[in-house]
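Both of the next two complexes hold chain A, though its partner changes from chain B to chain C.
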Partner chain A sequence: MNRVMYIKAATCISPQHSYDAEMFLAPPVSSDTGRLYVLDQDYRKYISPVAIRRMSRLLKMSITAGMQCLADANVQPDAIITGTGRGSVSDMEHFLHDMIEFKEEALNPTYFIQSTYNSVNGWLALQTKCTSYNQTYVHRGLSLELALLDAQLTLSEVDGTQNVLVGGFDEMTDYYHFVKNKVGYWKQEQINSLELLKHNDTTGTIGGEGSSFFVLSNDNDNDNATTAITAIQTLHKPTVEELQTAVLSLLTKNGLTANDIDVLLSGMNGNSGFKAFNDAMANMLPGSAIAAFKHLCGDFDTATGFGLWLANYMIAKQTLPELAIIKQGTSKAIKHILLFNQTIAGDASLMLLEQSL
Partner chain B sequence: MAEKIVVTAVGLISALGHGVAANMQAMRDNRSGLRHPLHLRTVHAAEFVMGEVVHSNEEMASILNLPADHSYSRTALLALLAMQELLVGADMELLRSEPLALINAGTVGGMCTVEDLYPDFIAPGTGDYIKYIDALDCSESTENIAGHFGLKPFMATISTACSSSANAALLGARMIKQGVVKRAICGGCDALSRFTLNGFNSLKNIDRRPCMPFDQDRLGLNLGEGAAYLMLEAESSAIARGANILAEFSGYCNSNDAYHPTAPSPHGDGAYNTMQQAMNMAGLKPSDIGYINAHGTATINNDIAEGAAIKRLFGDAMPYFSSTKPFTGHTLAAAGAIEAIFSITAMQQGIALPNLNFHAPMEELLLVPTTQLVENVSIKHVLSNSFGFGGNNVSLAFSAS
Partner chain C sequence: MEDFKVTLKQQIIDSLNLQGMKPEEIDDNAPLFGEGLGLDSIDSLELMVLLERNYGIKIEDAREGRKVLTSVQSMADYIQQNRKI
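Moving on, here comes the complex of A and B:
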């Protein structure tokens, strides 16, 4: 199955100026603390004052990104499919902390309810009155990719036009940062986030967060989608050779050669441990421009959402933002982008994106 | 016409025991698995009964021949034991050589372990506990299963509250129909945790007595734990390799209430539509259904909504129906898969399972479930319901092969 999905709208709440599409990453936002937090938006636009008071940042930024994406596409969703590594982890931490502190008595159920991984989906269904297919994937750094794969299945199962809302979201918390530091997730030296990829001789990366939503359709009926997702693949802890084989096979299956890939958009995160993978990708695609994004959004389980949002923008505007360029390529036009991501745990994903106009 | 999907192997563990046979025998004997917990360390242990699996973690590790320094949470241990049953007699070479999906489900992953180690996690320094640092992720058990049994499948993990493993099953069927994989092992696992117990308790959703599904006097659920998996494949593939076909997976529906973050629509519109669409896919009418394994959590809200939906959909053609949660407790992410296996096995054995602890019907509906074991009945089609927080509803239909 290799069904084409057209991106009718893309919305991203991230540490950069991404939510207001006109600003498009300007001015760049950076941090020296080893982590990046999203730029909060006006969440009251889509959430009632009563509900908003109890909501975690993750719920607010996810519901808002999802609703804004539907508004931009001007459609009602036929399905809502999301991926999240940790869901509303601040609610989970809150409930867990209180449970231990108050010895299992007199606990606030709101934190418990909101900590369930599908709470964003429930809210989005409620707000859109969407009673059809609703699914939440929770497979670490492949969660968003699994949601996208499900969207592909969903759009293949119907004859008529359908619009699926797909999203990925995760939040950074002090607890998460602290705990994962014990297993070497983060760089120990202090660096500016925008310089992350210049520090690729040490292990670790910087933390981030964000919420990205996409309206995907099986039909580009009114030609308003400029980008199509033509293939998605997940790879569980591949070796360099397995990654190379997967890339070649993906290109072949889609009738492409390495020369057709105008831009390799890479989820490289500055970790020296992944150098061999990044070198292999660059060697396989010698003529492609290389762009990167984790120095802009930080690393987190659904960071590819930021990458996909960026890729969609790059194809729509036919521009490679200066901020993202690692290496210039031979091609001026951006017709094909290979989005490659490697998670902190070593899983990987490939997405093939194509200009659809 | 899409190819038929069939179930060719199953495995489970619950408070009723390890394995399908032990579970079915317990239900035939009216033996509930609910009791005060021995393994879950909670201040509420004397207050609540639960469907706790009898084995300690050490006993499970011993059954699985694990080294002493293994890093599996209780959740993963339950998953491995359920998978062990599913894989008895399996052609492991076939599972390794042909495209396979492993689709697992969880609601809190290894919270059972993390809540004990949390003070260590948040304190400076490191220690042996560090091997459990990723145990909270629901996908940890998924990866543990693949690693332990030497499989390299396509993996996915789903979390849609109480309908999680029912969703895993329908995703597997969809992937096979689209030719993405040849086989899919689908199910879910959840271990009892203080986190979940206190979560439901803070919602005042737990009955101190053994739960009373569909009863006027019901006050809430009892929690349980367990794991269950089903192997799905195309009928033609199962026949070609001479596999034992347990049932046809004839229909399914995933839909959302879009009504409230935690409560179902009181008239059961979501449940009604979900069952209706699962039957439509299977080409069935209400009178074709021989048994419904209801979600039947015994919470005030679920049972009135699900009961209303069942009454409206089946009317005078009411099939045998029961909730088996008084036997197992509510096993959350595992419930959909456990109850799918109960439904399939009941159909195979020609029995309808009893709904324990029922005394008086809900006065709004006057709906009476099957309260005694019914034997020697011909059941051709069954429905298994799973309805969760977030309005996530799933109905699965299985048909005799």
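Moving on, here comes the complex of A and C:
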């Protein structure tokens, strides 16, 4: 069974200039407020004026990222599979606020309709007239990973070439940031976001948001995909030893050794509680370059989407952006990347990416 | 009545988030749905919410609702005769 997925296109709307990959980190965006906001784009390109007036930021950025990704790949999707940790939080907050204020009567339909987790998928299906498989995974910090696993299964079971649109999206609202501050999600000291990883002796991280979409195919028919996802694994609150075992097992299953990994792209988030895991990963891959991404996009449930977009960028461009580098490696070429992420709750995911050209 | 219609138009603009539109750009007698403002079925629900929240008017008969939501003029007339707040 072929479980390799080729990335035919990748689009990311994030706090950095990532929508136009040629502008990535030129200049870098930073923040001293403990959170990073998405850089809004011209959303009217793919959304009609009648529809856009009702949409939250999350809907606008996700539909635009999804549609742009399909346009870049120049394909009609055979399935739409997404992951979101929280869905349309701002619409849900509006709706719940109105329920209290208007005593559960005379509630606006728009906020209710669009507060559902699958509203992005619904809009994308309508826009593309895609009536085939459509699924949204809502599993907190592993939502995107589960969407990718579903895409992997879907693509491995079909005959012939198929293209699946896979995405991850989450927004950060003021209220959500406030509530999560009370349970210790965020750093209490004021830091510049680009300095986040230097502050790994205290708990907490910085908030972020974003929307990432990928057209994945089971066949690199036109040789236009530079990157392939060869393996995905999720781990429920692993110990350091369990993580190490999982990494070794993943490499072995894919015929690789630690020396083959050119870059370890880590979702380290500056939280002192995860330092032992990141140190263990670095020790397991002594020759690999180490890069990180959460100081660029902030931490949120589907931040791995930004990481996956960045990994694809690194392989396609054969470059490590200076701002992402934690440690240089021994290899000049970037053929294999291990994308490692830990959620705030302590779950972990591993993704193996390979240069496909 | 003229002042009231301007107020109602502004409420419609705010409720439906008709960005960039001003009250004077909405014709009193132009149809709200299809031609004219080009509103859709979700907008009709939002307008029902507007009537209930701002004027205490609850329309439960769909046919009556269709008549009331024909234009700004028909809405204004109905509100003047039936408002509870």
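In this text, the second predicted complex is superposed on the first by the 355 of 357 C-alpha atoms of A that agree within 3 Å, B and C clash if a C-alpha of one lies under 4 Å from a C-alpha of the other, contacts with A are read in each partner's own complex, and residues count from 1 in each chain.
Here, a contact is a pair of C-beta atoms (placed from the backbone, for glycine too) under 8 Å apart; a residue touches a chain by one contact, two chains touch by 3 or more.
Small disclaimer: the values here were computed from a predicted structure and weren't measured.
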{"item": "Chain B versus chain C as contact partner of A:R54, first or second or both or neither", "value": "second"}
{"item": "Contacts of A:N134 with chain B and chain C, given as first, second, both or neither", "value": "first"}
{"item": "Touching partner for A:P109 - first (chain B), second (chain C), both, neither", "value": "both"}
{"item": "Touching partner for A:N118 - first (chain B), second (chain C), both, neither", "value": "first"}
{"item": "Comparing the two partners chain B and chain C, which touches a greater set of residues in chain A", "value": "B"}
{"item": "On chain A, the residue positions that both chain B and chain C contact, one per complex", "value": "105, 107-109, 113"}
{"item": "Chain B-facing residues of chain A, complex", "value": "1, 80, 85-87, 92, 95-97, 99-100, 103-105, 107-109, 112-113, 115-119, 121-123, 125-126, 128-140, 142, 146, 149-150, 153, 156-157, 175, 178-180, 182-183, 234, 236, 345"}
{"item": "Touch list for chain A against partner chain C, complex", "value": "50, 53-54, 102, 105-110, 113"}
{"item": "Residue numbers on chain B that touch chain A, as the complex places them", "value": "42-44, 106-107, 114-115, 118-119, 121-122, 126, 130, 133-134, 136-139, 142-143, 146, 152, 154-161, 167, 171, 174-175, 178-180, 194-195, 197-203, 254-262, 270, 273, 388-392"}
{"item": "Touching residues on chain C, where the partner in the complex is chain A", "value": "16-19, 38, 40, 42, 45-46, 49, 52-53"}
